[in-house]
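Below is a structure I'd like to ask you about.
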Amino acid sequence: MQTEKIFDTLTKKFGNDVTPILEAAPSEPFILVKADKIYDVCLFLRDNSELDFDYMMCLTGVHQKPDLGVVYHLYSIKHKHKIVLKTFVSIDAPNVPTVERIWRSADWHEREAWDMYGINFEGHHNLIRILCPYDWEGFPLRKDYVTPEEYHGMRVPY
Amino acid sequence: MAEKKTFEMEYSKVDTERMRLNVGPQHPSTHGVLRLEVELDGEIVTEVVPHMGYLHRCFEKHCEAMTYPQCIPYIDRLDYISSMNNEWPYVMGVEKLMGIEVPERVEYIRVIMAELNRIANHQIAVATFGLDAGAFTPFLYYFRDREEILAILEKASGGRLLYNYFWVGGLAADVHPTFKQECLDVIKHIRATNAEVTNLLIYNKIFIDRTANVGILPADVAINFGCSGPVLRGSGFPLDLRRAEPYSIYDRFDFNVVVGKGEVGTLGDCWDRNIVRMGEMEESCKIIEQAIAQMPDTGDVQEKLPKKIRIPKSEILSRAESPKGDLGFYIVGNGTDKPERLRCRATSFINLSVLPEISKGYMIADLILILGSIDIVLGEVDR
Amino acid sequence: MGLLNKLDDPFEGGGVLLGTVEDVLNWGRSKSDWYLHFGLACCAIEFMAMNASHFDFMRFGTIPRTSPRQADFIMITGTVTLKMAERIKILWEQMAEPKYCMSIGSCSNSGGPYWEHGYHVLKGVDRIIPVDVYVPGCPPRPEAMQEGMVKLQKMISEQAIFNKRKRMAEIDKQNEIK
Amino acid sequence: METNIFIQLLGNNWIAYTAIAVLPLGFLLLYALVAILAELKVSAWMQDRLGPMRTGPWGILQPLAEVVKLLQKEDITPDLANKVLYNLAPYMMFTGAYAAVAVIPFSQQFVPSNINLGLFYIFAVSAIATIGVVMGGWASNNKYSLLGAMRSVAQIISYEIPAAMAILATAVLASSLNLNEINTVQDGGIFNWFIFGGPGPWFKVFVLPFTFGLCLIYMIASLAETNRTPFDIPEGESELVAGYHTEYGGMKFAMFFLGEYVNMFIVSAIMATIFFGGWQSPFGSSIMSGPVWGLFWFLAKVGTVVFFQIWLRWTLPRLRVDQLMDLGWKYLLPMSFICFFAIALWKMLI
């Protein structure tokens, strides 16, 4: 299915909660979703037989000042089409519903986004750090992150 | 009947304790520094909790501070067994965002290099998988052949392991004059060793007993977990980006997508994942042969580029089929010569997430084999 | 070295006999080095290649051991992260004396390419354990690692066992004069 | 007949007995050095490598260097280990293996102790090594060690039975439990060895498959008893780090190592004695036979079997623990019973 058509289906279903943004090539077009609706949109995308997005390629946390965002790259193996969803939340209350129950692959991706950006995925069954040590402080990939001087008695900077 | 019942009741009263065993980070067969927290009931695995991050090298943070060409060496160090394949999706993504086309000769060289590197990667994967099963000798046979492949890659790029060879808009350097003949020679050796290992290891009765019907991964579970590459194809699902969305010039070659068939056990077991890698080596050999036949002898290997590579405010998820599977780079440009965000869709990371699911109920020796059959590289898992 | 340290003072003067004994003991330690089978990152792959038939690390009399208790030297092959550093320290402490350490690759020498922005990378393994031989390269070629091994063997074969303190004092004196 | 050359030469006194006890010990240490070198070199040649090259000419001094090194290593006892058992275990293992040497007929003129219950004795004392393994695995207070020790016990006990059946069958053929006696019976050339059914008329071809099968069963069982590939699961590197000796280092580990190699020697010696005629010359008792030739033939046969074990180690993958039990109980045991039954029947008939 064409990207425009997928966007049409979504806007028909969700109305104002989604905003398609068709950028000129080479950038991929994406659709902006309100953070609290992301679970419903994803469930619809997966379960609708015409869309059938059964493969989550990538879930990325981003920090585009001043907001934190989550980017979902979805793919349909059956129909061979893809879509990009984006949602932005304020850095003070970065709460996004989890999509872990829709695609199991989201589990570790969301843990990584939490680890790196501190995006709180509401409803995730085990939202703990995945790459950094469990007692690490701060969220390394935020633009305002300052490298700590010391960790467990080891000097960190060169 | 009554007697049997009392026995069972008596037996159930026996107090057994589950043991929590820490496998790794220093363990001979976690393929690096993965740590698995395993709960054991006797020898049976009841729960696996992977803990990673022991090799978290802050790749994404580095890339935000580097210019686009400077990122390539860091990308090499993600999946350090198949560096050429790592560079490709990144370079391709940057080229797409800049809107440049690379010369045809470059595409051919890239294909040959990537396929050679794919073979080297699968050789290590099969070799270490045999090592996990206790067979030491095939490991050395494969490493002997791998040296020949590395010699070719080294002659072209200067590095044995980490190449920094695919540059934005072309290649770091042209290939050497005897390149074609050397490739053809090495293919012969690869095929001979593959035949030997097939006899020595793959169809060995003990090896089949160990790997067949172990770690069964159904295709729908694999897709839901986002698996790709030999892990997904071992379950019988023919998703190969080279065929599904032909990038570069892969539509010009005739090759098969190897899938597991459940030949000696259930579809999607460890043996199937392993045989897919064996089959892919052969397919890669075929692609290399065709590419060498079609490749133009002379031509530029570097497109004219601006002095500073800048990418406008745009973004792309650029994917290519690495030996581990579907490797993607999510590149966000912001108008400067440094990326705003560079995220790696790490294949090993995603393939590994299926491990707790498929290793429950098997023995601890099987757990090691299942981990080996997934073929992870910790550099890519932890980034 | 346990027992041998107690022999320090009674054998004052040394002499030909002790010199020879020392040579034999050093010969044994330098020619038979069991290393801990342990890989961290990219360098571990080159390390595997070095173990394989083409370069054949076992020529030097090395045998891989999987348990730190049985190992004589540890090769830090790759980037040491802060999370891993504590484990490496434990491994080092589990090894029995006399033990040696080889730092392979730029990452474990100094942080390598990750020195600047690596918030989670330890900039040099020598911040937590003592290193005997450094092998530069990213990753070093197998030949370079073997050169490191030769250097380590040379170092071991020249070690002082008897009258250690006295000899070390002499060396210190010489350094002072310079 | 007195079969011991030392008692013949020195008389029935303590000097003779000391010599009898010390000589095999010295021999075993020498053998262990050679076996370690063989393991290193054979594996290297199988894998297109050279093996140790820098310790003496072609690396032949390598095992010596290992010993010198191991003598200097720190003696570690983990803090949480059971100290007494932990320190005792390696010696227990070696003692069990060494004690078994007492009844091995090295040559017709040298059997350290020519007792009538030789086979029985070997089975009794070789079980001591198992106790050493369990002690070590349990006392180390390490989960890998414990798992390795448990596996090892399960494995050794399971495979003791088919091995015992195989050995008993030869005892039936020879009508004796005395190892030297068993050797003497196999007199008269290669076709009188028990692998070929022992001495007998031409129609012994009917019993030949069974004796051959028993030899194979004993071979497999002996591999399992000595924890060699494909049955090296108690110390399977890829799963259990180093198995029951994970926490051992230095001389204690060396004792374990020595114990293992001596065990290899014992099972190979038993195999050579009961199936391949021990010190008997393959060309009959008139050609190339005599006490010194006997020693030569015996060692040559043992060496061949040891080489075979090394060869298998570098060729085959490892079995899983349940498959190992399957093989032992479901295949080897019934087959050894059948062979034993057939041989007993044959012995009754002739």
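By letter and in written order, the chains are A, B, C and D; residue numbering begins at 1 in each of them.
Simple rule for what comes next: a residue touches a chain if its C-beta (ideal position, glycine included) is under 8 Å from a C-beta of that chain, and two chains touch if they have at least 3 such contacts.
Remember, predicted model here, so these are calculated numbers, not experimental data.
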item: Taking each chain's C-alpha mean as its centre, the one farthest from chain A; value: D
item: Middle chain, criterion being Cα centroid separation; value: B
item: Centroid spacing, where centroids are CA-atom means, of chain A and chain B in whole angstrom; value: 25
item: Centroid spacing, where centroids are CA-atom means, of chain B and chain C in whole angstrom; value: 33
item: Gap in Å, rounded to a whole number, between the CA centres of chain D and chain C; value: 37
item: Geometric centre distance via CA averages, chain C-chain A, whole Å; value: 46
item: Chain A, residues touching no fewer than two other chains; value: 131-133, 140
item: Set of chain B residues in contact with two or more other chains; value: 27-28, 53, 56, 58, 61, 140-141, 144, 382
item: Multi-partner residues of chain C (each touching 2 or more other chains); value: 37, 53, 66, 83, 116-117, 119-120
item: Interchain pairs in contact, sorted by label; value: A-B, A-C, B-C, B-D, C-D
item: Complex contact set, residues of chain A against chain C; value: 131-133, 140, 145, 147-148, 151-152, 154-158
item: Chain A contact footprint on chain B (complex, rising order); value: 52-53, 56, 58, 60-61, 64, 96-97, 99, 221, 223-226, 239, 244-245, 314-317, 319, 326, 328, 330, 332, 340-341, 343, 345, 349-350, 353, 357, 382-383
item: Complex contact set, residues of chain B against chain C; value: 25-28, 32-33, 53-58, 61-62, 65, 73-74, 77, 80-81, 124, 139-141, 143-144, 146-147, 150, 160-162, 378-379, 382
item: Chain C-facing residues of chain D, complex; value: 40, 44, 47-55, 59, 61-62, 64-76, 237, 241-242, 245-250, 253
item: Sites on chain D touched by chain B in the complex; value: 43, 46-49, 143-144, 147, 229-230, 232-233, 236-239, 241, 314-323
